[in-house]
Amino acid sequence: MDFALIGRIWPFFAEAAWVTIEVSMLAIILGLILGFAAALASLSRNVLLRWPARAYVSVFRGTPALIQLFLLYFGGPQIGIHLGPFEAGVIGLGINIGAYMCETIRGAILSVDKGQTEAGRCLGLGQTQVMRRVILPQAARMMVRPLGVNAIALIKGSAIVSTISVLELSYTAHRYISSTYKPFEMFILASIFYLAIVTVFSFGVKKIDERVALES
Amino acid sequence: MGLDFSILPAYADILWKGTLWTIALTVLSMFFSLAGGVVFAVLQLNRHAIIRWPVAGFAWLFMGTPLLLQLFLIYFGLVQIGLDLNAFVAGVIALSLHFAVYNSEIIRSAIVAVDKGQYEAARSLGLSQFQAMRKAIVPQAVANVTPALGNMMIALLKESALVSVIGVMELTLSAQRAISDSFRPFEFYIAAGAIYYVLNLGLEQAVRVAERRSAQYR
Amino acid sequence: MSEPIVKIRGLKKNFGSLQVLKGIDMDIDQGQIFALIGASGSGKSTLLRTINQLEEVTEGEIWFDGELVNQKLPHRQREAHLNRLRQNIGMVFQHFNLFPHLTAIENVTMAPLMLGRVNKAEAIEQAKKLLDKVGLSDRGDYYPSKLSGGQKQRVAIARSLAMNPKLMLFDEVTSALDPELVGEVNRVMKALAEEDMTMIIVTHDLRFAEDVSDHVIFMADGLVVEEGPPSLVFRAPQEDRTKSFLQQVFND
């Protein structure tokens, strides 16, 4: 283990870790928005909403995130979408994780007992009112942890944006492996940052989960 | 530059070969990741901490870091210690190790979850320890792990695209080759995506069949 | 006699190929207490749930307060019609279906507030009165998970009453309760009955049915087999099926 080398270059990894955090957090936010919209659309009785939402989930869960990213970044210009690496990375990752989050959110909504909807409707509340005040508050509590799992998968999965030259952790690791021929050191260095990010993020998810957990 | 999908058939050959390599890569990695998953699971249930801990540490490291990074480590790391493997082998090793770790978590909790009473009941019927394992524990554990392992295998197929970055000529890299020749990224990534989508559908179908088959033991 | 508040004519209900209700006629006057009895699977819950359209009707008519309940309407209008209808029909379920994320008092105030019937102060005022009425004035700030089954069910009754319904439907509301908690819920229903609330009570508790109701309906296989005042149906049943049902239940 070449500690002198690690001591010299770790600041570059720290900087790259910020890029990983930025890309991931923005993608997670985008994914949550898309996932939420798609989940509600996929539960709608209107086929014009339901069908596109189902197709979105099926296509983006059914193909590699890397292909989706390449299509957006390299193929986008052919249909007039010109994005820089960072933007393409955020949008590509966000659209991808949104499809997974949609399934998580949908599952949480569907797992709320049918009796809850019936009780709400029996009081004369409309479908939207029941969804907003009865179903979603309960579903929200159930989805925190699984959405956290989705988000952590995304943080690790964000490494793929290194292939379109976003200067994040994996890109930096790759670059230093090529220039120093020290793959173990670079792997360990990058791993420390990934593990730190994932650990802190998991802790945050756990805190949020505890905060929203049913009082009982 | 508009879109022109009529260019695709001219490159059917390279895409077809890439598809076959993706299938080979995925099937081999599935096999080794499942076998590795069983090994890691058993090791993690070992009585001796000296065996449990290194495996647990390795699992923790591989579950907390990106597959891509692990791919770099294995591809370049093996070269550094003098094992100049071809990219395909390195790709299979990386995918297998990565998914073996996840599989082992699933398998381990399933083994732990199978009721002790089941085992004792089997033993009291006069079955040997091995028979008890084989007749009572394993079928139930298999039924319990099949859905989760199936999801892992479905993920593996899609993640296999990553090995294109170390130069394995599978589907994704094949599409890139076609693109560097034709300058038509959009068409070829759509084509590659469509092929992955079909492979994925097939795999999902297979997983569902496996789930149904194994569910009878539950 | 004025129009009955609930009027059911030729009601049929199929689940797929299974016919669960095979032609039900029924008239309920303002202030009447109906007890609906019958073996498991005879269609009692289904009948109750068609009245507020938790189940759609296959054939026949249901009238509530002079309005056809099961009108064919475009989706939007039907939703509005159902919401209006259900605001006037309270329903209490076997498994309470309290909203677990809201306190007892929030459970009671939610619908009146959301529907803009009252302001917040009025809603709380009213909810406190209702909780007091069901004997839970000291449990307003409790979440459902901290309440006993009997307490939950009483909160559920208060929640329904908050909409000032003209009709209350009870579907085996004491079936999920420990025996020692049944009495407290029955007392609340009894008190309501004495205030001239119109009620339909599905129950397996025949002693309570006899005690509280002024009209009993015995159902079997999706049909009304026998009906009349409790003194007659319970003491001098005419139909063999009624007799054997009563015998079975009372022998248990």
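The letters A, B and C name the chains in turn, as written, and every chain counts its residues from 1.
The criterion applied here is as follows: a contact is a pair of C-beta atoms (placed from the backbone, for glycine too) under 8 Å apart; a residue touches a chain by one contact, two chains touch by 3 or more.
Quick caveat: nothing in here was measured; it's all calculated off a predicted structure.
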Which sets of chains still touch one another once chain C is disregarded?
one piece
If I average the C-alpha coordinates per chain and also across every protein chain shown, which chain's average lies closest to the global one?
A
Report the pair of chains linked by the most C-beta pairs in contact.
A-B
Quick one: point me to the chain whose Cα centre is farthest from that of chain B.
C
Averaging over Cα atoms per chain, report the distance between chain B and chain C in Å.
55
Quick one: chain A and chain B, Cα centre-to-centre, how many Å?
21
Cα-centroid distance, chain A relative to chain C, in whole angstrom
46
Where in chain B do residues touch two or more other chains at once?
none
Residues of chain C defined as touching chain A within the complex:
52, 54, 75, 79, 82-91, 93, 95, 97-101, 110-111, 114-115, 143, 145-146, 156, 159-160, 163
For chain A, which residues are in contact with chain B within the complex?
59, 62-68, 70-71, 74-79, 156-160, 162-163, 169-170, 173-174, 177, 181-184, 186-187, 190-191, 194-195, 198-199
Under the definition above, what is the set of chain B residues touching chain A in their complex?
1-3, 61, 64-70, 72-73, 76-77, 80, 158-162, 164-165, 172, 175-176, 179, 184-187, 189-190, 192-193, 196-197, 200-201
Would you mind writing out the residues of chain A in touch with chain C in their complex?
45, 113, 115-116, 118-127, 129, 133-134, 137-138, 141, 214-216
